[in-house]
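Quick one: the structure is below, and I'll ask about it shortly.
Each chain carries a letter (A, B, C and D) given by its place in the written order, and its residues are counted from 1.
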Amino acid sequence: MTESPALAIKDLRVTFGDTVRAVDGVSVEVRPGEIVAVVGESGSGKSVTSMSTLGLLPPTAEVSGVIQVGGVDVTALDGAGLRAIRGAEVAMVFQEPMTALNPAFTVGWQVAEALRLHFADMSKKRAYERAAELLEMVGIQDAKRRLGQFPHELSGGLRQRVMIAMAIACEPKVLIADEATTALDVTVQAEILDLLRDLRAELGMAILVITHNMGVVADIADRVVVMYQGKVVEQATVEDLFARPQAEYTRRLLTSVPRLERGAHRARARTALREPGQAAAGTPALALSDLVVEFRGERGSKVRAVDEVSLTIGAGEVVGLVGESGSGKSTVGRTAIGLIKPASGSVRLLGESLTGAKGRDLRRLRRRCSIVFQDPASSLDPRMTVGDCIAEPLIINKIGDRDDRVAALLKSVRLDPSVRARYPHELSGGQRQRIGIARAIALDPELVIADEPTSALDVSVQATVLDLFLELQDRLGFACLFITHDLAVVGLVADRVAVMNSGRLVEEGPREEVLFDPREDYTRRLVASAPVPDPAAQRERRAQRLSL
Amino acid sequence: AGCSSGGSGTAPGDPANGGTPQQGGSVTFAMPPNATPNWIFPIATPGHTQAYNGTIRQQVFLPLYVYDGTDTSKPDVKAGAAELPKYSEDGKSVTITMKDDLTWANGEKVTARDVEFWFNLIKANKEKWATYNEGQFPDNIAKFTLVDDKTFTMDLTQAYNPDWFTANQLTRMSPMPQKAWDIQEAGGQVGDYDRTPEGAKKVFDYLIGEAGKLSEYATNPLWKVADGPFTIKEFTTTGQVTLAKNPKYTGEDAAHLDTVTLKPFTSAQAELNVLRSGGVDYGYLPALALSQQKTIESMGYKVEPWDGWAITYIPYNFNNPEMGPVFKQLYIRQAVQMSVDQDTIARVIWHDQATPGYGPVPQVPPGSYLGEKQKTNPYLFDLDKAKALLTSHGWEIQNGVATCTRPGGGDDQCGEGVEQGTQLKFQLLTESGSTETDNTMQELQSSLSKIGIALSIKSEPLNSVLDHSPVCKPEEAACSWQLSFFGTQGSWYYPAYPSGEDIFAGDAGTNLGSYSDPKADELVKASTSSTSPTAMQDYSSYLAENLPVIWMPNPAYQVSAIKKTLGGVVQDPMAGMTPQRWYLVK
Amino acid sequence: MTRFLAKRIGQALVVVALVTVIVFLLLHTVPGGPARGILGPQATAAAIAAFNHEHGFDRSLPEQYWMYVSGLLHGDLGASYTLNQSVSSLIEQRIPKTLVLTGLSTLVALLVAIPLGVWQGRRRKGLTDYFITTLVFIGYATPVFFLALILVIVFAEKIPILPVQAPQAETLAGLFADSRGLVLPILAGAIASVAVFSRYMRSAVLDNLAEDYVRTARAKGASERRVVWLHIMRNSLTPIVAMLGYQLPVLFSGALVIESVFNYPGMGLLFWNAAQTSDYPILLGAVLVIAVATVIGSLIADILQAFIDPRVRGAIK
Amino acid sequence: MVRLFFANRLAVTGLVLLALLLLFCFVGPLVHPTDQIHTQLADANLAPGVKGHPLGTDDVGRDVLGRLMVGGQTSLEIGIAAGLLATLIGTVWGAVAGYTGGWLDAIMMRVVDAGIAIPALFLLLVSATIFRPTVTTQILIIGCVSWLVPARLVRAEALSLRSRDFVQAMMAMGGSHRRAVFRHIIPNAIGTVVVNATFQVADAILLVAYVSFLGLGVAPPATDWGAMLSNGISYTYDGYWWLIFPAGIAIILVVSAFNCIGDGLRDSFEVRLQGR
């Protein structure tokens, strides 16, 4: 380990205004060919640290400290110098892929741009070909067609992979992946992790992975940096960390990691109410039958995103929806609440037909439901303060006493009530996500559609949020469609599990059955791909999976 | 004031010009905005009476008589097609002889038959003739007789004042080449079709149809048969007209110049810009640009006002249900007239390019028609006297507005029909778009307010003003207008003989305010039908005193800028032109 | 797309029909009719009655409208009351002139305004931003006729490098042959539009600067220039395109002042004079042309907008 | 947001400027009383300073400074009211059309097309013959002919905003369309709206001048800045600068004041760009 580090951050401090100390004396080193994972509490300054390496923080940020890339101090560089480094030396995958792509250009163009910016002599055609290869490398099927699509036509996972493709396009020396696999299903995630390992092996790339998924950490990292409240509280090799956590926060973190194993399901006071047989008796909270959703593709062709999906969620029941990225999970969620009109099939929401509902009736119906969007950044109005965002459902339903309620909601998702005066762009990804959750539970809904509600949360916060969620569910008995990629979380909260693949519902059944005794091949692959938060065990699993 | 020198023409060889007249050359003349010429046929149909149509037409097809407004007492024989008319003793018939030397371009002589051709077409189609007035030409011709090739006689239905008849009726006549134009359809044979009413109608329709093809004016063989000093060389759809010297002209008034281009402008501003760059030889200054006189002069131009043979006035609507009775009181009209400070308005607002007017006859050039009373303003500007007139007739000023406190017909009372409590609040409709007019109206408003008359002003485009101030009966809704001004360009342009049968006679079509006064009617009638030489002067004096309207300063027709090298220009107050007499000097 | 076009053309026809009806009705609410205006103050009552009869003003309104429409369907726009030409030939002569003038001045305005707006958006709150903003507003607040006058005084009189008149030729080729004459009119027309376009551009650039995708582009190593001129620009064109669609009709009537100052008889002036002289056939014809221009403009704007913003594309397919 | 607005130096400058202008026009005549009713032809076109006229006299002899105040009252009243009216109608119309989409959008936008297709000039001419001009009718007429542009602009923005997740999120919460339009679409289109509003005020003030020229203006002896300016411009060649500049500068000042306020407003909505 005498090699000079590819990326070295020394005593980095970042403050926003006088009050927010986002990063407080962080030092991290990544050597060529090394994969370092950064874990830590949501809002602990991981993203800010990573962005500061490329000088991408907003001007409101005050930065001090030293950042060296290949021995060169980045903070001393001027515009041109920085540009030469960006993309070519250090590339970055941003946390929220939804807003990070330019809505006006096709994804092909955007990937090709990354190439052409640094390979001046590359022809346009060649760049597109390479872009297609890159998309295939990150596991996007049908890459040629995807090249011509616009970001809003892609699912969250697809966008995230586009971002990854863009980042690795120029084969940078340092790759910073900020929550780069949150929107990916476990099979794709495993592929991406394999890809990263390959890149490290072939190119000696130094990789800094920011993640909350301890499984991912166990799977890929050589070394782990743990951050807490803007400080590095622990650095250790991955084995050491899992085996002998030193810091108090690390220990808390590790104990909160959900594991995919039998019986991990949280016991709930009123489980009796929700024995499968009984659920059918009451009016189902959500009943989808033969749902088909189509999007217009190029030249009027139609793309089936959801293909004859039938799914029933009984009152008070939690159904986990898992499946491949781009398989139509989010689309099902959106259609369920009437944001997308199905091409055929019917949606019954809380016993009423949604297809026919209009105006006031529709609004009344919707008020009894709520939805957490997959991408927290784009689902918050950029011009409203966090407080206003959370208060919005209260205002819509003319509920008084908002101030207290907003404060209480913030507290319940472990956010300081002082953030209410901030704007969404002033929060970290996980903080934004929690705003979305707080907003969704503000009204004590009867049905919650939660699209990856905890993907950006560190496991300790995730645990709190899930506890809260389950506690609320106990108390209010709402039904829930829980869309996620994290099978362990599904195992924790869901009564039943549904699995989707390419728009179809391939398997559906009680939790234990689907997760531990899957009928379908696809499900089996899925379960096998789920990383376990234990380096040794994970290595074994990986070998197993690869031989599969 | 430069207004007294109207028609300051310069005769050929005028030493003042310095330099010798030349033959040939071309001259560009700037037409005012919106004056787009669009007609050359000697009979104008409605919508085709723009001033420059007449000017162009009379260079190509000579009218019987042409007046030059610098002397309105007799026609400018040289510019017309006939010798002076001879009236019978009783004034009931007139005999006219055509000039001997005139020929059409096709070699035919210009004959009395050509006049008959014109007359027959008019007679059969008078309804379509833009200048037709019931009772006047051709209704007042009892019989048209050809005497010989060159001479004809017209019997009139009654005795007319010869001056009036020549100036206001005979000027409309214009011989037309019967041997070339007496055709009923395209490609048809020439015949004597005009002599039957049906035939005349057909011929007329055919010719009018041809006249509607503006783009062919320079090429249509019909229009080549001209007898004037010029022919049409170019006539564009945007209104640019180039006249070229007619080589076949046989008269004594041949053109000096090779071509004269009449150039249209989209606005006075555009014209001024071009003028300042020397792009026109004969242009004009917008009134507000008068301060540039020196600059323009230094660029080789003479700046001369071109007075108009016109009067400018504001009619009272005597039939207005509210204010009609008030307007009918002469003392009120006197008070109003005494509040119009014409001298100052002309000097300050019009920059000396308007002439105060005191009666129905154009004040300049002063001729034999001006009555003694009109010559010397009978109602000098005097606010005190004006106010006294009101107070002495039972008006009291309350809150700044005169209110009638003593109704009744007595000498010290408000007058017949004026009710107790009537307030002197007048509404004035005025033409928009001119700073001078706006300012004049504000000045009027201001001085009237000083004698207790509240004037409220509403300005509208000229057409709306005319639409909104029709001749009307008191009970009609359209009679709500009280005062109306449409004289930015002069309210009324007269033919050579400035009689008032169209505007101040009780039954006249354009007597907008329904002014009615038996004595005035009598005087108007006398001016057209009696042969007395003082008829016009009597009429002029009476109306100057009786105030059928508010007399206002009359703006000049235009303020011309003429290249110093251009001679022979006469600024005809009747807005006519004689470009055949223009010439360039070395 | 074809369906969209078909639908929009159908709607366009309705709009055009609607506009003619409205204008027709409005014209007939004007008391007195056009006769007095056409025939002048000296016209007699008989002449006015004859005029009204000849042009059908003594008939009922629906009848008159029907007469007009049936003429239209035969491609006949009628004949001017005052200009002794058919309306269609007048429009034919004037439209190219106006299109040249307004098209070029819009183009010039765009070429100046878009870079200016983008540049200002980036250098927000700098001294130059304030300075340019002030200039732009002075340009906007100066009435066109004054601006034109100043241009003439400066560039044609004080420093006589340009002609005072627009080209007087009747043909397009002739117009371009005298292209120096086009400079001042185009300039006069462009300045106010520069103000408008650049302000919208600046504002939109500000909106987009805050978006996350800008950060992505920077992270790729794109130069600031590229980020602004490519990434942000494309996303900022929405208001400009919306303005442009609307600009087309406005240009037709808005060129009036420039046409009148530079002695360049185009559509604006034709319309204005017709309005002043109550030349109804020209008015109706011109309104028809403007209505057609409007619907075309609005259609083009919508299509363009879908082109630059894929998210709206769904709305037009 | 209010705090942000007042923290913005530019915005405060704009507000102060506007306040000063209002003070000048509405309180000024008390300090500098002049006769704006009567003409004084003997004193026409006096240069500034002569005979106690600080800014000279106009072409019929009225004190220009006093006239500036009186004219400003009309201009400010009409400009502000008509500009705001047009912005208001246009913004709401456009936002509703763009947000709703479908046939309602088609109908609403075709109405706008039809409105734009009828030249404002023509409408003004016709209304000149129907209405008597008062400040109120002017506000209404100008407001009614100028809302079409903002409608188109805002609609274009709304069209892409409506598909954003935060709007969808609100809909999913059972929020009304009204809330979507007023709380999300319009605030996010605020940049365009504000820029347009500044132009609307300027336009209205200039349009009043145009309108007076057409004969629809307020009846004399009342006046407005636009009319003063267009009148004064005829004297360009005479060098009577005091007939041109005061009114011209006044117009530019209002326009700039509104622009500053607009930028300030815009900034307080554009929370993401602070520090830039």
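Operating definition for what follows: contacts are C-beta pairs under 8 Å (C-beta built on N, C-alpha and C of every residue); 3 or more make two chains touch, one makes a residue touch a chain.
Everything numeric in this text was worked out from a predicted model, so none of it was measured.
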Original post:
Taking each chain's centre as the average of its Cα atoms, which is closest to the average over all protein Cα atoms shown?
Top reply: C
Subject >> B-C compared against C-D, more contacting pairs >> reply: C-D
**OP:** Compute the distance, rounded to whole Å, between the mean C-alpha positions of chain B and chain C.
**Re:** 39
Original post:
Where the centres are mean C-alpha positions, what is the separation of chain C from chain D, in Å?
Top reply: 21
Original post:
Between chain A and chain C, what is the gap in Å from one C-alpha centre to the other?
Top reply: 50
**OP:** Measure off the straight-line distance from the CA centroid of chain A to the CA centroid of chain B, and report it in whole Å.
**Re:** 88
Subject >> Overlap residues in chain C, where contacts from two or more other chains coincide >> reply: 30-31, 145, 149, 210, 275, 309, 311, 314
**OP:** Two or more other chains in contact with one residue: find those residues in chain A.
**Re:** 152, 382, 425
Original post:
For chain D, what residues touch not just one other chain but two or more?
Top reply: 125, 129, 163, 270, 272, 276
Subject >> Partner chain C, residues of chain A touching it in the complex >> reply: 51, 54, 56, 79-80, 83-88, 91-92, 94, 96, 99-105, 113-114, 117-118, 150, 152-153, 163, 166, 296, 300, 377, 382, 425
**OP:** Can you check the complex and tell me which residues of chain D touch chain B?
**Re:** 37-39, 41-42, 44, 59-60, 125, 128-129, 132-133, 213-215, 217, 219-221, 231, 234-235, 237-238
Original post:
In their shared complex, at which residues does chain D touch chain A?
Top reply: 163-176, 179, 183-184, 187-188, 190, 269-272, 274-276
Subject >> In the complex, chain A residues that touch chain D >> reply: 58-60, 98, 152, 334, 337-339, 362-371, 373, 375, 378-384, 392-393, 396-397, 423, 425, 436, 439, 443
Original post:
Which bits of chain B are touching chain D when the two form their complex?
Top reply: 288-289, 291-292, 295, 341, 344-345, 348-349, 432-433, 435, 438-439, 441-443, 445-447, 449-450, 456-461, 464, 467-468
